[in-house]
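Before anything else, here is the set of structures, which you'll find just below.
Heads up, the next two complexes both have chain A, just with different partners, chain B and then chain C.
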Partner chain A sequence: MKQRLLAVLLVLPALAMIIVFFIVPLLASIIGAFEVEGAFGLGNFSKSFELYSSDMIFTALIVSASTLLIGVFSIAIGGYLTLGENPLAVAVLRWLYRWPMFIPFIVVGQILRTFLAKNGLMNNILVSAGLLTPLQTVGFLDWRGIVIAFVWKQTPFVTLLVSGAMASLDRGTIEAARNLGASRLRILVEIIVPQVAPTILVGLILSFVTMMSVLSVPLMINAQSPTMLTADIAFRINAHGDYGVANALGLISLVMTAGVAFLYLRQTVKERS
Partner chain B sequence: MTTRIDLWWLPRAVLLGLLAFIIFGPLTNLLLWTVAEKWYFPHMLPLDYGFGFWQRVFSPRGNAMVSLGSSIVIASLTVVVSLALAIPAGYALSRLRLPFRGLFLLAFLIPQAFPNLPVYVNIARFFYQIGLNGTIAGVVLVHVTHGLVYAVWIATAAFSAVDVDLEEAARSIGAGPFRAFRDITLPLAAPGLLASAIFVFLESLDEFTGTYFVGAPDVTTLPLLLYTASSGGNYQIASITALLLLIPSIGFMLVVERFLRADVLSKVGH
Partner chain C sequence: MDAGAFLSIEDISVGYGPTTVLDGLNLAIGKGEFVALLGSSGCGKTTLLRTIAGFARPAKGAIRVADRNVTHLPPDKRGMALVFQSYALWPHMTVTQNMAYGLKLQGRGRQEITSRIGELQGLLGLSGLGDRKPAQLSGGQRQRVALGRALAIDPEILLLDEPLSNLDARIRLTVRHEIRALQKRLGITAVHVTHDREEAMVMADRIVVMNRGRIEQQGTPEDVYNRPASPFVAAFMGAENLLDMEVSVGPQRINLAGQQVLAMPHHRDLRSGRAEIRFRSEAATLLRPGESPPAQAGGLELAGGLELTGTVANVSYPGGHFRHGVRIGEREILVDSPAPFNQDEHVRVYVPSSALFIFNTSTDGENDRQTEAISN
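Here is the complex of A and B:
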């Protein structure tokens, strides 16, 4: 009993930080979403839908598309790291894929802003190589730029988790399938991916939530309409001091994430039990 | 057999080359911008190279030095506060019999599991009322809350990886519980704790959104300076700032496995 009390006391200060500086403001944001000039109502939501419904669809599509691409690329890279038969190619890939992992989002935004612009290095190289004429170049600083930034930054993280899970699988079934003549692609899709599905899911959900709260990438790459909800929230606060609509937009992105976060919690609880 | 392998190198080389371009192309672009004195369309490479913008960034009157200073002060304070909270919590979560242990561990994940932006907006509003807005202390509190999941989870894993028998042996020859912790468990868990400190330091160094709402305009960190320079169209200053943020991140990527050994890593989140 005494030990339990000590344990609770040791955890309590850290837990208090989370409660005071995260959970309380989160609740304040949810309550604030329903507050219209001192009374409770749905005014903030009707205004939000009126002004930003296209941005809501835009956000959902961009984040879902990015999550999907991250999943495909991380399975492909992880699969080659696990099944690749050429040690040199595997070693090169292992060294190569993780570079963007710890690069901050704001730096990713700046790097890709200059790289993908209409007159950025990417188009300059294509023009110099004779693949494009200067008149044919297009900038990617719209939804494509945001998707590229998200996939560029998040794929290494998910790949790290996924390839770790793949490496710890039992090699027996893989070798057996290989001996029976199954192709490597078939082994990846039918044997490996189903077994590491929980890890893939966790990685993708964490990426989904991260991308939903990134402000710097949409601000740096595409701040014009249509843009992501995070940029709209910042704009409501900075330009209008409009906490009501900002909180309503926050709650809407929270609801988008809640479904996904629920999947994550269920997964972790299942693993723990 | 040999010819088949040689043929396979063709698609391999193309794909690996493409991946290398996707990863290093943008990074090279950043490096070029940091030393480009003059660079405009349609020239593929800068017309003039030089370190003129570096001198401007690092001049004593330049605001980059101020930002760098406050970034380092904030990140260091964040590490100190986070570890002061995470070491007792991690010890309790790994060694003591704690009711609802799983729920406690999950609670620290909450700041990662919800979009942060609405929270920062409301913290800024609350801090404004109590005078913490635009102060270093306010920014540190926000960064600690965000980094605590790494600190607590890695500290818990680090303590779990230390053999409990060693601590019990120290106790049985007469050491008190605090002494056993200080002389046996803490030093053995130190590499894991160091890893969590580096994680928290980098998270704080790179944090943009919270600082943007709670710190700006009084507290400027490197990410805020980068954002201001970039929106002003000053790509050289923005790229030099980005490079300053990039170096610790890439350095950490290269050494992370040396600090986070597999025995600790396998216990993270358990």
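Here is the complex of A and C:
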């Protein structure tokens, strides 16, 4: 009995932290989403959908597209790290691919803003190389810029997880396929990816949730409409002091991430059965 | 290399980074032959197998299959299939998918694949398990799926990398015979890597004993067992009892510390001087003082043997016979006997000439071989 009490006491600080700094604010925000001028109702949501439904679709599409591209790139890079036959190329790639992980989102936004703008570095290079005339240049500072920023920033993280999982596979499973005549692409698609699929899924879900919460990139790159929900939430609070709609928008993005989390849970349950 | 060789390994050297694993190794294997590469871990046997399979690149030398140089061909263009020690089954595929993958890669028709895999599953006793995933199979079943996956593409040469080492001891005994029977039935050429002497003896037509990246000896199981060419082979083939003695070599007889033993064919290279004597515990007989050695075929006079005196240090019963640790001078040797002797009892140990393996002593096996080469 005494020991039990001690155990409870030991857990208490951690529990208090979670309640005070996580559960209470979350509940307050959820309750706040349903509060309209002192009464409960769905006013904030109807207003949210009225003003920002295109931004919700925009957000979902951009984050989904980015997730898909991150998946493709991380499998490609991880696959090359696992199956590449040129040791130098593998070593260089292994050294290079991690760097974006250590660069904050805001800096990514800043770098890409100066790089992708109509008069940015990329177009300047293309013009001076004679590939484009100044009149043909197009800026990428719209949804494409956001996708590029997200993919550039998040691919290394997913690659890190995925290539780690690939490296810990039984090499024999790869060699057995090679022994039977499978090409490297087939080995990647038919032998390696199915075996590391759970890790890919976890990496992509974590990336999805991270991207849903990035404010700096849409603000830096895409200062126009439609934009991402994070920018809208900041705008409601900073410009209008409108916490109700901000809370409602927050809850809507929480529902989106919860959908992804549900897919993940279903997958893990399926694997364990 | 001899002209009859189907698979020939010519002067192969393989290294990983600065370390050389195989150094100028030659081996010829006939069609339909079952060859066991036997050696302790790190002797290079797996590297040799992986080089044959095409997974390790030789620094020099050539590998030929039926006079076709396959040294620089990728693993799938050599007409070989490798069975991995870990089985390396694909966990996300069913038994049938695992076995059919090679045929699918070859672009065979669905009907052909189905009938071939069905036939193989019948042959391997896997019928009815086709829809299971590897995780739902026993160790022995997984091993057979791995074998079936390799055999499905109808390879000319089957390479086996310690395929039995992950099985329970009991299953291993039956699987040995199953693989051997299958190999004979299919007439396939097989190279089998193992560190298990008995496994190599039971399964192989020819045993190749490897040590430090070189072939120590090769021959039929009887040959290697009864006529070991080096102390390493003798020890590896179970002659673990070791004694140091002065030896003087005569034309017919060998004088061992004052006793005469018959010069056997496998003592031909012997020179007078310090020698190490090796024999198996079951080849020696334990006698009480005054008791005479057992009569042998050909008569005792003709055979001759080595007699030693010592005391029993310990007795154990591994089954079938009693095993005695006998202290002789500073050494302890093991001797089997059908009846137990008492602890501390004074005994005589008799080893017939034919069971004695005598080698000139040197500090290093490498040096020994070199001096032999010079004196020849």
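Side notes on the structure shown:
As a working rule, the second predicted complex is superposed on the first by the 248 of 273 C-alpha atoms of A that agree within 3 Å, B and C clash if a C-alpha of one lies under 4 Å from a C-alpha of the other, contacts with A are read in each partner's own complex, and residues count from 1 in each chain.
Throughout what follows, contacts are C-beta pairs under 8 Å (C-beta built on N, C-alpha and C of every residue); 3 or more make two chains touch, one makes a residue touch a chain.
Keep in mind it's a predicted model, so treat the numbers as computed, not measured.
Between chain B and chain C, the partner in contact with more residues of chain A is B. Within the superposed three-chain model, A:102 lies in touch with chain B and out of touch with chain C [touch as defined at top].
In the superposed model, A:182 makes contact with chain C only, not with chain B.
Of the two partner chains placed around the shared chain by superposition, chain B is the only one that A:212 touches, whereas chain C remains out of contact. In the overlay built on the shared chain, the residue A:195 is in contact with chain C alone; chain B does not reach it.
Looking at the shared chain after the overlay, A:43 reaches neither chain B nor chain C.
Judged by the touch definition given at the top, the superposed model places A:139 against neither chain B nor chain C. In the superposed model, A:26 lies in contact with chain B only, and not with chain C.
When the shared chain is aligned, chain C comes close enough to touch A:170, but chain B does not. Judged by the document's definition of touching, no chain A residue lies at the interface with chain B and also at the interface with chain C. By the touch criterion stated above, chain A contacts chain C in their complex at residues 170, 172-173, 175-182, 186, 191, 194-195. Interface residues of chain A facing chain B in the complex, by the touch rule stated above, are 3-4, 6-8, 10-11, 13-15, 17-18, 21-23, 25-26, 28-29, 32, 86, 89, 92-93, 96-107, 109-115, 119-122, 124-125, 127-128, 134, 152, 206, 209-210, 212-216, 219-220, 230, 233-234, 237, 243, 246-247, 249-251, 253-254, 257, 261, 264-265, 268-269, 272. Residues 5, 8, 12, 16, 19-20, 22-30, 32-33, 40-45, 85-86, 88-89, 91-93, 96-99, 102, 104, 106-108, 110-123, 125-126, 141-142, 144-145, 148, 152, 202, 205-206, 208-209, 212-213, 223, 226-227, 230-231, 235, 238-239, 242, 245-246, 249-250, 252-253, 269-270 of chain B are the ones that touch chain A when the two sit in their complex.
Residues of chain C that touch chain A in their complex: 53-55, 74-77, 80-82, 84-92, 101-102, 105-106, 149-150, 153.
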